[in-house]
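Two complexes come next, and they have one chain in common, chain A, joined by chain B in the first and chain C in the second.
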Partner chain A sequence: MRLARGWLNGGRRRPELVVPALLGGVLLLYFLLPFVAFLGRVGSTPIVAGLSTPDARQAIRHSLLTAPVSTAIATVFGVPLAYVLARQSFPGKRLVAAVVVLPLVVPPVVGGAMILTAVGRFTPLGSAAAAAGIPLTGSLLGVVLAQTFVAAPFVVITSRAGFGAVDERLEQASRSLGYGPLATFWNVSLPLARGSIVAGVVLTFARAMGEFGATMMVAYNPRTIPTQIWVAFIGGGIDAILPLALALFGLTLLVVTTLQRLGRLPAVVER
Partner chain B sequence: MTLDIEGLGHRYGTERALADVSFGIEAGEVVAVVGPSGCGKTTLVQAIAGHLTPTSGRIRLRGEAVTDRPPEAREVGLVFQQSTLYPHMTVGENVAYGLGPQGIEPDERDAIVEEYLALVDLEAQRAAYPSELSGGQGRRVELARALAPQPDVLLLDEPLSALDRGLRVQLREEIARIQRETGVTTLFVTHDQTDAMALADRLVVMRDGAVAAVGQPRELYESPPTPFVASFLGRSIELPASVVDGDPPRIEVAGQERSVSTVPQQSPGATLRCYVRPSSLSIRPPREGEIGLSGTVQRVTDNGRHFAVTVRTTAGVELVVIQQPSPPAVDETVTVAVPTAELHLF
Partner chain C sequence: MVSRWRSERCSRRTALRTVAVSTLGGLAGCLGGGGSSVDVLSAGSLARTFEDHLNPAFEADTGIRIHGEYHGTNAVLRMIEDETKHPDVIVSADATLLRERLSPDWDIEFAANSLGIAANPETAFGRRLVAGDEPWYALARETDDGDLAISDPELDPLGYRAIQAFDLAEAEHDLAGFREAMTDRVYMEPEEPQLLAGVETGARVGAVVYRNMAVDHDLPFHEFPPAYNFADPERAAAYAEATYTFEDGTTVAGRPIRYNLTVPGDADNREAAHRLVQYLLDNPDILQEAGLTVGEAFPRSTGDVPEAIDL
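Right after this comes the complex of A and B.
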């Protein structure tokens, strides 16, 4: 309501924004239309019953297990990479940056196929791991591999932009005040880039939760919510996927809002 | 010697930033490094603070070689042109930040923060965030933060350049007072010769990465060792001059022959570079030991406390005379008296 009032009379009139707002509105409508149409079918399907089947419960469990692990892996390895890319120029840096976006450019199904050729059951790495009792495909670990491959670029790209916006002199001042590079990263660079890092983590998590193409290739079983949705769709059409799709929305939304709230809690940095 | 720099050189790729820079600073001394932008001042500060490893040369702090030490292992306080206060910490936390690595007890740390905030007169802002401070207050907090760990040397890299004129003069005096009270050895880098002359015990004039001159401000201003120093430190007017005779030394300045005490070159006919300060010139008939140059007044600029009168001589030289009361009118024909003793010849 406040937003609407501000837009109509309280806010400053910005006639120059009418045309961009109209153009943007078209896209917004296009986003909303399928959502509304899809959610409009909710009344016709028993949601709770659909979610209480053993298959659905297992899929939810698997997704809630794998997506956070993939996100954690992407963050632990991605944030330091982002920092190096933001701070250091070196020969071949463009190539490294290109490698980071590669998983975004490659269609997920192809990405999955690529993972299979690298760690599949008949590759040296894959067979060795399987022999040791940790199969890299057709397992939850396989799901994590697929999700990490597809979703990790988001946290790297967003964090890199965040670190890039932190003036290097703030780090130099910290070093001159007696802190080593690690303590400086922890005390200065990380808190100041926190907003961007959280945004990257959120994007990576949402992408990992919804990952289907690569997961299907690497680990069709055990099923995650997206693969189970696919199976349900083949068997029963649109209405059959409603319960799990709603669960996916709800869970992702819950985690995303929690992360954002956590990220904002102590002293938001606005410069 | 608190800070001793010996043969410091640095290159960015093939570009020379510093070449054989050597000078020292005694304990408690304020030294200003001045030079036009791009002369290597910032590279010098970065090398002293340890944020850059020089290609050649040595840096000693209190007699210890620190050239290869990381910044955190040197006792150097650093204040940049732009604010580097941490926006996610309060003023008090910012000042306390540098005390952390020294392992000081919380109680004592509190007292030190209080002491340094009092030094810059900002005790009341202790709980404020940097975004709530004015530009001048922010600068003072940075000074307090840099000084609290009691560094061997305080490095100020253009600390006044981002401020407007009034605040600049005020903060310059504030820095002078803080330096007097703490006695901290200070290296002050600036492109502004007024700031440098006002604050420093000694000047290091830099040009193209090399030291052009070192000396006391007055001494460098009154008898500049090179044409560059003459034109960089304060306004200088160049007059056409040449050698008439080497022994006894006689020169020709703006078409008039005069005896001088010494000439930099002996061979008759050699062209000289001759500089004079606007403040040495006066509009009146010449007296003993002065040259009279006649010309017409081109412009009169009111600078508040004085007038700057631009006179174009019949020989085509533009002179600027600083005159206090009643300036002549534009297009008036006047005579400018130039004291021969105040000509700087190169």
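Right after this comes the complex of A and C.
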């Protein structure tokens, strides 16, 4: 009790934050408990040795290759989609919005099965691609397909909210000053929605890094970190997955903080 | 200020371009594959056998890399039936099931496994099981609901074999009502790999598993006697006394645990697949080290085995 009062008296007084902080603290504690328990096993496991096996290194390379590509694809196609959804009413818009959410609703394994029915090796598309030497399943391209399917909705949904919050009159002002629609999008809408877009990119990247369900259906091999973790788990249990799980935490955290830093750079020229 | 922002944007753009180019280059490089490899779709209980024992040895001796994929045997067969996967070698933990479901041109049984209980040595149950003063079934009867785990009998042969083992143990040791009592009491784990994770973390005191799984996880293992460990092909008739009926009404009789494999006719890397099969047959010690049983009875072939494979 005294601790709480001290916290309230220290710094700026924000008594209105006590209840939210307490409620949030419950969730935070719930997040932390499994982390601490899991990381508590680190002491008894050789982490470096676990990460230096060829399989582990290859999985890390594959993840670092595929997740950024998936994120880039999701962003290049997703942000324009988000802009259209935020700015334009058209018949069937609700349907389009629902399609965007669909990959979030279906379990990843079902998403993987859906991708397989569309581009699997025995489908017209899949067999043509395989014949051309670009297999869409069991390849890094397959991993990218799975990751993009599952992770892309995050950047679309978040960016749409960001564009929605941009005052349309600013865009109109830009147009009335003689700038074209593209210049207006690039110089006004995009910078103003940047926070939301970066948040979406971060979410998409994190989801792509951790993607397992759809990936293992479409491309179990070549293995990414989550698939290699699963193989290690089948054979060796919880201690066997520690090294790669730590690597996944570390790498994702690194990229996410870097992205957030980039997102904070000045959006408009300040004088 | 303007120029600073410009240069920053430029450098960032350059950096992004560098990343994109190198990523795409790497992606294209990996698409080609490079070096020969063979895709194996195998029963999950052999994951460690392949990953830790067979794959490194095979690659060192032949230069061929094994790409292993592991699921429960039912899932493996389902993926072949549905044409969602197209491996070069298919390995099943239930020889009969592979034969019935896939009707391959040929298959080879290459190893057996035995059933028993893996226990957490830090629990009272585990300590008493390891001490060996009391029979396992007496200890199992004393466990509380959910303490002991088996695989889900509806999804996994390991699960219905556990139930059948309870059945045969009931007859063998004259334990009235043992199968029913145990079936009510055990926790049924839907995912085979989670079985031993439960034991390791202390969520369960023990689980009915194959011997090689206990070896993989470094857990104490109490092997059932031959009367109900399903390891002896000679006892096939006695094992068949125990049955399990699925929810859809079909009944499966107990049968020895026999791993078999086949190479599909349309496999991409047939030659490499045949070499792997040959390697497996020539090196039974690798399988034994991993906890499998490779006795005189193996290998046993069915159908027309390709000439490239020498039994």
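Please note the rule applied: the second predicted complex is superposed on the first by the 245 of 271 C-alpha atoms of A that agree within 3 Å, B and C clash if a C-alpha of one lies under 4 Å from a C-alpha of the other, contacts with A are read in each partner's own complex, and residues count from 1 in each chain.
Following the convention adopted for this analysis, a contact is a pair of C-beta atoms (placed from the backbone, for glycine too) under 8 Å apart; a residue touches a chain by one contact, two chains touch by 3 or more.
In this text the structure is predicted, and so the values were computed from the model without any measurement.
Q: Given the touch rule stated above, what does A:S176 touch, chain B (first), chain C (second), both, or neither?
A: Touch status of A:S176: first partner only.
Q: With the two complexes superposed on chain A, say which partner A:L192 touches: chain B (first), chain C (second), both, or neither.
A: Touch partner of A:L192: chain B, not chain C.
Q: With the two complexes superposed on chain A, say which partner A:D167 touches: chain B (first), chain C (second), both, or neither.
A: first
Q: Mind working out whether A:V76 is in touch with chain B, chain C, both or neither, as first, second, both or neither?
A: Touch partners of A:V76: none, neither chain B nor chain C.
Q: With the two complexes superposed on chain A, say which partner A:V18 touches: chain B (first), chain C (second), both, or neither.
A: Neither: A:V18 stays clear of chain B and chain C.
Q: According to the contact criterion defined above, which of chain B and chain C contacts more residues of chain A?
A: Comparing chain B with chain C, the partner touching more chain A residues is C.
Q: Would you mind listing the overlap between the chain B footprint and the chain C footprint on chain A?
A: 266, 269-271.
Q: For the complex, give me every residue of chain A touching chain C.
A: 55, 62, 65-66, 68-69, 72, 113, 116, 120-122, 133-135, 138-141, 144, 217, 220-222, 230-231, 233-239, 262, 265-266, 269-271
Q: In their complex, what parts of chain B are in touch with chain A?
A: The contact residues of chain B facing chain A are 49-51, 70-72, 74, 76-78, 80, 82, 84, 86-88, 97-98, 100-102, 129, 131, 145-146, 149.
Q: Quick check: in the complex, which residue numbers of chain A touch chain B?
A: Chain A residues touching chain B: 167, 169-170, 172-181, 183, 187-188, 191-192, 266-267, 269-271.
Q: Would you mind writing out the residues of chain C in touch with chain A in their complex?
A: 1-2, 5, 8, 12, 19-20, 23-24, 26-27, 30-32, 39, 44, 47-48, 51-52, 67-70, 83-84, 86, 192-193, 196-197, 200-201, 216-217
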